[in-house]
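Okay, so chain A shows up in both of these, paired with chain B first and chain C after.
Take a look at the complex of A and B:
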């Protein structure tokens, strides 16, 4: 209980601002609070949450992985091309589809991880390049066409209901549980925080920084590959740019959830709330009847605003801490 | 000539060598690349594609020297050309449109600069969010339509001679080269890019350098957009989606280092030419155009890796 309370305290003031936005939606967006819409929001959150787990780990380690959208698109299309070979796929075929997607993600993650973790290349640039390779490969693999019309058994993984709640939410729940366990309870999870806090300290206290970084990117890649296939199952279509923009929603979800670019601060618990907030905002904007074009403007502005608030509040905290130090000095 | 001198010379002209090798390779591998059939194509590329790629690569060079990236150039081109197109459509006055474009470019540049310098948000984040915002505004303004009607005088100014784009590009490139190598501001840019803290300690107003750099960046982008719609004859909100990728790839291939503090206009020029030779050569090899994006991504990775190798060689020389 104590721990939960402390975690709640760590959630930044930003959340309260977001609550105001949600109140606005409740009053002005028609049907925002309807049961069906809430289920809709939940199932939209599910996939965002899965990939945000990877993003949270990357940002916790003071880096970032923007290849997520490209990897998702490519992995989703790869899985889609495999499953459409079957008329009535059994469970093994479905599992194999997800394994293919996850495997593609793993390859991209390994590539990122080795170049960034082992050889210390600029992470922005490498993940930016893999993002473009992912989108490009998704264009190449099916000639830029969209695949749709998947077998029912495959779509049931994400698109049916269990106990009144969409299955995709259950899948996300299982994965998030596993990821929560990994980041909070295992040695590797502690290493992520240590590496993000100070790479030098971490390596001098015997942590294998390279291995940790490679693992982070591998996990992030696997999660986005899996998420890509799940997205295909949920939307019943797979296109070369199906997942574009997901990387930025994931960054926003992570930052809203209180993980800051400073590294080593925050965690997955906050990201769950952040992902919920992100899909509520997207959903609310749609319900309020803004056109696609305006949504793009608002989303960009909103993410920029969140990040600016994060950066400014972090700097204020630093200044306050400095002031405290100097006061002590004077005493 | 000593070994070290030879090495330095090799390092200096290695990109030129790469380009010559590429041309030789494509000429040997395909029958169509080096032949009279391709001459018209080549002159088209040099006169109508190269100026834009080079101008955007020069913008990107300025930002990469400062250890940043600008992903918003594609959307900025889209928005500025839409606004310029709308002004032209209403007034038929080309100079008013150019003025509007330059003002808008300056505003976008200053907004980016303030967010980077004063709020201290990473350039990647600033420019990527900006990319969405700017393209979104362009789409809101035009609603997915195109503008064709620019009035009788506008396109004549730029297309009456075939060489206008090339000459204007050369003027801007020379001005930028002089700005970076001969002025105090240029020195300040290199100092800030190499080590921001050291630059601040030695009395350079780092924040002003960032804002000025993004302002110049915005102005060049605005000018490029005007040239772009003059060349294309239409303005629509979806243009320039691949610009940031291509510009980054061209800049890095040309030898500008991501670690900041080094890079010249000549690097941007040679990098852009290498990219153009590659894209044209691949078409002649019969590679489908879908592969282009994969190729550009791979080139970025390769050139970053190669940069590390080059640094090692030059360190050994010292």
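Take a look at the complex of A and C:
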């Protein structure tokens, strides 16, 4: 009994908040637990999850990358203009399309990384500027028009099924596995945490802070570029502002997932939950029949609820930990 | 009125995560006296006075101000009741003017809109500064002032209100002699007006000059109070230290081995023309006042700061200073336990385990993939070796006490294959037990052939551990003393640090002339 209690105590408050929301939806949102609906949630989460990986790395390193939406739009449109040249694109052309998108993202990321990591410019301003450049360039290259009607083979990357599960979910799964490996199992992953926790200490421990920061922005850029093209394939349309708002959703998913602006705290595992929560809230509210406007309000309210529950439980734990310290270290 | 009690403290207690900073302290402050509180670093002096000034809440005990219970809710509340503090660290708004800083929170206002009356504020500020003999314009930006000038503005700010009790927390640490004289003049003036003053200081001369009574604290506990007139310096030191030098340090000196580190005319932003050498098996101490450039020097040797000129040799091989970094220093076998444990030594949000492996990752995981069992093994070995008191290596380091945190930092460096260890203030803010363990580690390192550099402001510590001590003053090496010389004393080292040694006669000129020994000749020059 005591052990069960201890185990329950160790579950993060976040999980409790999420469970409450799921329970609410199970009872009040008709069809929330249907297989088809769960697939729906997963496929709506996939792209957000991919770009949230980049955002999580940036926030873990105590910075932020808000250029994500702009990069996604520009990369998506760039890929779209390329693939529409083909009537019946083969696999190489499709791969090349994604490579173009990822490449555009890489360029933006490298630019961000060098200016922020190497030359120490403010990350907010630099990524804000590249966000603006991204959205602007997306308008410019196609005169502000939306591209639609893509070849079937290209759309299949995101918009068909494999083993009964949407392909976009498979793609996200592969990328998330890679990113989990990078952040938890490589030296670079540990360096992200170290740099975010204390840049001075990281540097004095022999970590190349500049290189680490540049790599983080490069990876974040590549993920957004790739995500941008994937979004085009999934929605069958490429617009200059198609991805606007993704940066904020990615930040929300990361923070709900327990990664802290303090830096060095949290991780990708939490972000996966965070991204799922974001999609679940929208999906549940839709099923409950709320209008688009009310959905926004309730989305905000639910995020607040989760954060409040999480913070309260963290503070409790911290206090308990301090009490234990006092017991051991008497004067 | 000399013996009337202004503030009485009974069984005061204060805890911080990991330490009991003030434990069961009872003392009193009389009206119109200058009361000095001394003690080693981390003795709890600052914490005690911060509780009086309303910066910290007391965790136990009571304070009585003029017989009434005194429980300041915050700094403003304390000020309203007549207790004011001048901080050890400057707490000024750098981008505001002097007058704005002095009158913050109580700016003179005018008109129905209660707009700030800048003219009046500046005039009042000028009168105040002139009255104190401080030559600063009220409209100057604080960031344009020197540290010493800022300190004087702090003093002006504190005495611009009516005070019953004024607390000065190491006010002279950054002042020049002229400003110190000025401060003492102000202090006497205040005292004659009946204000009580609590004065925290490390400088012994000051105590004798202005103190009425002296209270000694050690490890958070009250040791005793004495009248300044009838106490010997030696008694004070015994009270502060509470132990004799020999029984803590247990240094086993060895014959110095080959040369490990040598610098030639090394120059940087805060130090110049530094020539030093450190041999295997040696502990070399660095003494000097805060700001003498010791930390900056070792940071440049370690590659954290850029050096501007000169040469550094490690094991006889010259280090390319234009292309030097911490990473390269570590590869070459250097380790640095930084002065600033919380921000530079530790990843405060990480577990013990993750902290310990940070510096040896390039060694242990050359292909970039991290192996959990290697991390665990390394961490467990470190925790065992250094006797870190913890239930698990997964524990976050912010939960540990200062001493255990420092042990984690040292474990991080022991996990590397370092040959040269730089300890910068390794025992600051650490309890006595952990201190002696850290001394033991340093001694063992030297015994096993590593070279150890140790910066410390605790002279007893340097005297107890070091083979040789370099003394720095204003960025230059002002002297070098070996433990075999007769002048290996606190007084001589202090005099080197303060006046460059000119004012103090050598107690034994013959010993001083013989000078410190060089490294063993075999090998070091052959290698270079």
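Here is the rule we use: the second predicted complex is superposed on the first by the 283 of 331 C-alpha atoms of A that agree within 3 Å, B and C clash if a C-alpha of one lies under 4 Å from a C-alpha of the other, contacts with A are read in each partner's own complex, and residues count from 1 in each chain.
Definition applied: contacts are C-beta pairs under 8 Å (C-beta built on N, C-alpha and C of every residue); 3 or more make two chains touch, one makes a residue touch a chain.
As the structure is a prediction and not an experimental result, all values here were calculated from the model.
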Exercise for the section: Name the contact category of A:95: first (chain B only), second (chain C only), both, or neither. Expected result: neither
Exercise for the section: Could you say whether A:304 touches chain B, chain C, both of them, or neither, answering first, second, both or neither? Expected result: first
Exercise for the section: Give one of first, second, both or neither to describe whether A:177 is in contact with chain B, with chain C, with both, or with none. Expected result: neither
Practice task
Considering only the touch criterion stated at the top, classify A:265 as touching first (chain B), second (chain C), both, or neither.
Solution key: second
Exercise for the section: Considering only the touch criterion stated at the top, classify A:320 as touching first (chain B), second (chain C), both, or neither. Expected result: neither
Practice task
Could you look at A:185 and tell me whether it touches chain B, chain C, both or neither (first, second, both, neither)?
Solution key: second
Practice task
Considering only the touch criterion stated at the top, classify A:203 as touching first (chain B), second (chain C), both, or neither.
Solution key: second
Practice task
Quick one: classify A:135 as touching chain B (first), chain C (second), both or neither.
Solution key: first
Handout entry: Touching both chain C and chain B, counted on chain A across the two superposed complexes
Key = none
Problem - Touching residues on chain A, where the partner in the complex is chain C - result: 184-191, 193-194, 197-198, 200-208, 262-265, 321-322, 324-326, 328-331
Fill in the blank from the handout: Contacts from chain B onto chain A in the complex sit at residues 69, 115, 119-122, 124-126, 128-133, 135-137, 139-140, 143, 245, 248, 252, 258-259, 288, 290-298, 300-301, 304-305, 308
Handout entry: chain A residues within the chain B interface of the complex
Key = 66, 115, 119, 121-122, 124-126, 128-133, 135-137, 139-140, 143-144, 248, 251, 261, 291-301, 303-304, 307-308, 311-312, 315
Completion exercise
So, in the complex, the side of chain C touching chain A is made of residues 15, 17-20, 23, 219-221, 302, 304, 325-327, 329-331, 336, 338, 340, 343-350, 354, 357-359, 361-362, 365, 368-370, 389, 396, 399-401, 412, 431
